[in-house]
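Both complexes shown next keep chain A, but they swap its partner, so chain B is in the first and chain C is in the second.
Right, the complex of A and B next:
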């Protein structure tokens, strides 16, 4: 089964923490350039990144209160309506009705800004399948892979990783001894056995169940025989046919210090995973994200 | 040629080099309307220009003229000579020709931006405009001998030119004698009854890439050439940020994809004039 992306679904567009009040960020989704921004009070909006007046990218503009101001001619657009509310060159003119930016539905959950480019996108995605309490889900980082969204999703569905909590002393290398995967309608089940390079006798078994939710969210429930279990979550963002965003989240109850090292642990894995996907045609040995 | 060039665009003169710039072997290569061309100087400084998509037997020689410190050519059959700028001959002016800056957008977007007053307080904030003095008062747009003239523009400018020491009320006249050229006459801070002349001569390399040559004939007895260049560059780079971030790169002539208001009268007149003259190169229909 391959991952079928459906435009009617919601996609994780940006990490919430990367957009502070009165800031604008932009990136593409389905080849559409989208600006996401916060009013000074923190309210979030996702708009087509183009001023209806002279086509300027709105992401170069700035925020005043609840208004996004285009850098080119200072046209003001009201956050709640996306309608032009003020034209500095003609202060007494009411913004024409046609001067309205295309806006997209958006909301925030699990540290991510979710958007849909289709106005009639149904209810918010179902997060209950994460099987984790909301406060125990942590945003790790976003990576961008130069491969198609379908392929990236397919590879991540059975990706092998070492859960945080395992000892990865300096110089330790992962050697995957066996791995087996069984794909089914809504995901995959798989196991892997790996040994650390330092102690050749020590072997750890990882068992995973990946569920594909809302087509673009992979929830990987993992368990190893060292007593570590939880979820690793990938929220995929289709940027275009050749580029995919992957927002990496993980679950767990951590102290603030171990949360930082858990983030570092999965961030390092995510970076190597990207390298592995982009270079998957090299030696099979290199496909191991821990080497 | 990547696209059939409309006759209005094809039959114009284009600046392709400054008079004094030359590469090794006294040659200079560039691109005009999607065609590679080469300029070659002989010992006497005469410039011959050839297009490289044709062999010599196929009539590759192009016309060559020198004017306003620039070398001009055409791929078509211009009906007349290069437009006149008689004001530049006035006594006491200093003349500048600045070498091309490549901008990744349609040359038409660059000309339209040059004709625009409303962006001064935002793009050239603190120099050519400043909030809250953002209002563009009504101005006149006329077509005279198939040129566009924009008259009676005025704007408050904190620093209208390198020589300006304080904010002044500046009067502007724009002239568009050519789809890729615009000439600006603006109040000289030194002699308020006189006009400085600044012209944008755009070389469309491709539909969505252009080289912009700027010339100026100014009254300024204080600043050095370099100081004046720096003032010019600062303004230019601020505009380039805008130009390279307008979507689409081609100028929409259909009047549907971009909303206009009265302050855009010059832009609307320019677009209509291009459409009436059958221009399509560097433009789109939206």
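Right, the complex of A and C next:
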């Protein structure tokens, strides 16, 4: 299964928790600048980030109730219709029909706002195999890598992941027992033996399988010999041909304290992953972002 | 208390904003920074030989450098003690981020000076350096946020937040967008929502 950055698909655009009611945020997807915002009542919209009046970035504006107000000349746009509803300089005029913002299909699932820029993609992706249905999916962070989506996807697909809970202290050792040769078609599929950095006698055996779901979501499912099981999930966002967004999520059973540590663990990895992709010229083959 | 001030200066705004948070009355002395370049002439150079704004004069005390002025004001006038807590860890962390505000984040100011006032600077380099600084700040806010910490140097807003805020918020004037820094964006909103927050051209109120 390969990663398919086909424009006709849905992509994870933003973390839901980072857009509060009456907030507006923006970034690009396939070079298209998109504003995503919430009405005061919480409904979410994804619009082309360009005011039909004079082209101002709508994300510089603000939200009043169910309306987005452009910062430049204050034109109001109604959330449900994306239609101009009020022009402050001409209070008696109804907004012209042509002053309508291009809106994109969007919905929220698994803590992310999903967007499609193509009208035909009205059907929501199938998330039934996204993770372990009965487990909660936790959002760690979104991170941006200055490299092309294709390359970032390929590197992540074939990477080795160490789930939270293993001892990453100095001196830890990772031994990959089996890894499939046809990696590039299937994603990584490996067994790893993880030797603790603190307690040299302690070894954990992991079985991991990375799969591509819904085209641009990588799910690394792991099982260890202590009975721990879970998934690490990367939802990829193609921003342009030089930049890729990676939303890092994970599933599994965690107490609230270990949840914080797990987030730290994956965030630390995410930063090292970003560095290793952006600095490929500085590395030796043995570089492992986990250690 | 007298503040030598220029309305479009983010460094001067650090002081106006903090004086507002502390609810302190003061007098401003407007300096014709642009186009007059008054800060480069002998009368002003007597006040600050570096030829920079802001300068604060409070009775016998005369201070330049926004970060130094924030330390002075918090130490002298913040009765709550929360803006500059007197414990070694907090003071060390705050000093670290004050320095970051005065150096790395100033790359954003340089890009803005180039774009708005046509300063002869390497704007692309300034933008790249500003992005590197914003990435560091965003990573930091993400990581402390996991444990519920919402401010740069602790669980309360401090002068480190005040010092870092203006040139992060104003960066778009210099062509530096915030799109890649969601944790920074949420932090900006939190500052803009604090009681007695004030605006300046380019930084508006939340509501």
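Remarks
FYI, the second predicted complex is superposed on the first by the 243 of 291 C-alpha atoms of A that agree within 3 Å, B and C clash if a C-alpha of one lies under 4 Å from a C-alpha of the other, contacts with A are read in each partner's own complex, and residues count from 1 in each chain.
The criterion applied here is as follows: a contact is a pair of C-beta atoms (placed from the backbone, for glycine too) under 8 Å apart; a residue touches a chain by one contact, two chains touch by 3 or more.
Just so you know, these numbers come straight off a predicted model, no measurement behind them.
Using the contact criterion defined above for the overlaid structures, shared-chain residue A:155 touches neither chain B nor chain C, since it reaches no partner.
Shared-chain residue A:91: touches chain B; no touch with chain C. Shared-chain residue A:118: touches no atom of chain B or chain C.
Using the contact criterion defined above for the overlaid structures, shared-chain residue A:105 touches neither chain B nor chain C, since it reaches no partner. By the touch criterion defined above, A:56 reaches chain B but does not reach chain C. In the superposed model, A:144 lies in contact with chain C only, and not with chain B.
When the two structures are aligned on the shared chain, A:27 is found in touch with chain C, with no touch to chain B.
Comparing the two complexes, residues 60, 71 of chain A contact chain B in one case and chain C in the other. By the touch criterion stated above, chain B contacts chain A in their complex at residues 116-119, 121-123, 131, 134-136, 241-242, 245-248, 252, 257-263, 267. Chain A makes touch with chain B in their complex at residues 33, 49-50, 52-57, 60, 70-74, 84, 87-91, 93, 96, 98-99. Interface of chain C with chain A (complex): residues 139, 142-143, 146-147, 172, 179-180, 182-183, 185-186, 189, 204, 206-207.
Residue ranges of chain A in contact with chain C, taken from their complex: 14-15, 18, 20, 23, 25-28, 60, 62, 71, 141-142, 144, 243, 260, 263-264, 267, 271.
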